[in-house]
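Going by the order they are written in, the chains are A, B, C, D, E, F, G, H, I, J, K, L, M and N; count residues from 1 in each one.
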């Protein structure tokens, strides 16, 4: 097993785990936020607009951490600087 | 065991674990959101429309993290750049 | 142990674990949703239709993550691209 | 230890773990749903029919994830494609 | 250590762990259901019949996952296809 | 270390762990059920008969999973088919 | 290290762990049951007899899982069939 | 390292872990029971006798699992049959 | 495997895990904050401005820990001083 | 590394871990009991004597499991039968 | 692999894990504090100033532990004394 | 690495872990007790004397388990019988 | 790898983990304290001074444990006695 | 790697982990105590003196377990008897 194989294997495993682990918390956090939003709408139906708007801003904020992980996964798979170095070497 | 076998094995294991781990949190988060939505409908039956609509937007948001994982799994199985490099090499 | 044996073994182990781990969260999430639905029906028996309908849409959404895992398991067992490569090689 | 022994051993271990791990969540989820159903009947005895019917649909849905695991276990034990390849080879 | 010994050892360990892990969740789930049933009887003594009947159907459903594991354990111990192959070979 | 020693060691370790792990959940589940039964008796002393009877049926159901494990432990210790094969061979 | 030493070591370690792990859940389950019984007596002092009797039956049931583990521990230490085979061989 | 040293080392480690792990649950269970007993006395000071008596019977029952572990520890340290066999051999 | 390959592999694995682990807590913390904000708006609709403003400051504060992790990941991938040293050496 | 060194090392590690692990649960259990006792005194100041007396009996009972561990630690450090055997041999 | 490579690899892994683990608790703690602050504002809108001020001081205090970790990460990456020693040696 | 180095290393690691693990539970238990004591004083300010006195006796009892661990740590560091044997040998 | 490299690597890893693990609990503890302080201010706005003062003393106390860890990290990185010994040797 | 290097490495790792693990529980325990103290002041502002005094005594008691760990860490770093033995030898 040479360097190229090793770097490739590490990239594959890391790419998968990064998005897998990185999607745990955003999904749970969004679940909490959505669940609470529904409760808030049930409690104050007249304010559904404000609640929904705040919810969507919050969801975008939470989703951003999942997107960081997705970006890193894509970098590792398609523009991996270490892989490029060895492949070109 | 040469590089090709190693890359193949790592891809199989990672593909499976990525979708397996990545489906834990969305399922729980959606469970929480659906459970709360049903409670909200029971509490404010007149607002079932607003609640259901917000629920579906939220579910789509949560499901997106599961889909990130599914996309990465499919990439690893069918358009894996590292596997293609070694197979073609 | 040559490449073929290794790929085979990795596929078996991964296929089993993928569906095993991947069924944890959907089952729990559906359990939560069903449990809450029964409570909602007991609280608002007149709205049993709306509640049941929302419940089934939600269950389908949650079940989808289990089905992603099942699909990956079946791919690994029966149309595994890495296995096919080595078997045919 | 040749390929055949290795594949056999991996199949045995994976088959057992798949059904063992895969039965954790359905049993808990069904426990939650049944427990809540009994509470709902105690709360609204007049609606026992609707509650029981919804419960059984929900249990079938939850049980389905356990059945996915059972199916995979049976495939690994009795129609294992990798074992058949090596045994016939 | 030849193939036969290895397959035997794996079968023993897997058989034990399968039923051990597989009995965790059903026992807890049944505990939850029974506990709730007793509470429901105390709350609505007049409906003890309906509650008990629903409880027993639910317990049977939950017990089914434990029985899946028990079946797999028995298969591994007494009609293990891999063991039979090597023993007869 | 030959096959016989290995099979013996695996049987000992598995036998012990099977009953040890397998007794965790039944004991907890029974504890929950008994605890709730006492609360139910305190709440509805007039129905102590029905409660006690339901409790005992439930305990028997929960105990059954512990007994599955005990049976497997005894099989592994005293009528172990793998051990008999090697001992007689 | 020959077979006899290995079997002896495995027996020692398994015997200790079996009773150690096996006593976790019964102790917790009994703790829950006793705690609840005291609360029930405080709530319905007139029914102390019924409560205490039900408690003792329940404790015996829970204790039984600890006793299964103790029996297996004693078997492993003093009438271990695998040890006897090798010692006599 | 011969058999005697190995058996001795395993006995030491197992003896310590058995009592260490085995004392976790009884201490917690007794803590729960004592805590609840004090609450019950505060709630029904007139029944302090019955409560205290039931508490002590329960504590003895819970303590019994700790004593099982202590007995096994003492057996392993001072009347260890495996150690005696090798020491005398 | 020389130094360069090792450093590359370590950088890949660490970069992925850093952002994956580092995104768990911010997502959960933001989920909690957003969920509570929605509850607060439902409780005091007139103060939605103050609540939303405080929420956004808090979210920025929580997000900052995720950004620390993202910065370190980017440093490891693109301006890694150790990699540069060996690559240039 | 001969037998004596190995036995010594195992004794040191086991002695430390036994008291360390063994002190977790008693401290938590006593914390629960003391916390509840203070609450009970605040609730029924007139019965402070009975409460305090029951508390101390309970604490002694819980402390006993810590003392078992301490005794085993001291045996392992100062009257270790295995160490004495090898040292004298 | 010489000293320099080893030190470099250890620095990379440690730097990543330090900030990753170190950001878990501050994010959760800040989430709790922000969530509670929003609740407090909803409860006492007139005191929003005092609450917000106390919140920000508290957040700064909590953030400080994240900053300790970030500082150590930066030291390890850019002014690492061990790396400098070997690189200069 | 001879016996002396091994015994020394084991003593160092064990000494540190003993006090580290052993201080977890007392600190938590004391935290619970102190927290509850403050609540009790707030509830019954007139009985602050009795509460404080009972608290201090309880804290001493809980602290005793931490002191057991500290004593064992000090024994391992400064009057370690195994170290003395080898050092003097 | 000689002693110097080993000591350097151990120092790097330990320094990072010490501050990373050591910052978990203070951040959570401070989060709890700040959260409760905000609740207390909302409940008794007139006593904001006393509450804030007690809060800051408590935060300093909690922060002290984080500072212990930071001090040890700095010692390991910059005035490490073991590193100095080998470097100078 | 000789004895001296090994002892040094073990001392470094143990020193760091001791204070890191040892600071978890005191910080959490103090957090609980401070949080409850603030609640008690809000409930009984007139008794702020008694509460604060009891709090500080309790914090000192809890802090003591952190100080035990800090003392052991300092001993390991600066007056380590095992290191001194080998260094001087």
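Convention: contacts are C-beta pairs under 8 Å (C-beta built on N, C-alpha and C of every residue); 3 or more make two chains touch, one makes a residue touch a chain.
Computed from a predicted structure; not experimentally measured.
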item	value
Reaching subunit L from subunit F through chains that touch each other, fewest steps	4
Euclidean distance of C-alpha centroids - subunit H vs subunit M, Å	37
Distance between chain centroids, defined by C-alpha means - subunit A, subunit I (Å)	11
Residues within subunit I bordering two or more other chains	1-2, 11, 13, 15, 17, 19-21, 24-26, 28-33, 35-37, 39, 41, 43, 55, 59, 66, 73
Overall pattern in which the protein chains touch one another (line/ring/star/complete/other)	ring
Complete ring sequence of chains beginning with subunit K, oriented so that subunit M follows	K, M, N, L, J, H, G, F, E, D, C, B, A, I
List of subunit B residues in touch with subunit A within their complex	1-3, 6-7, 10-11, 13-15, 17-22, 24-26, 28-33, 35-37, 39-41, 43-44, 46-47, 50-51, 54-55, 57-59, 61-62, 64-66, 68-69, 72-73, 75-76, 80-82, 85-86
Residue ranges of subunit B in contact with subunit C within the complex	1-2, 4-5, 8-9, 11-13, 15-17, 19-21, 23-39, 41-43, 45, 48, 52, 55-56, 59, 63, 66, 70, 73, 77-78, 83, 87
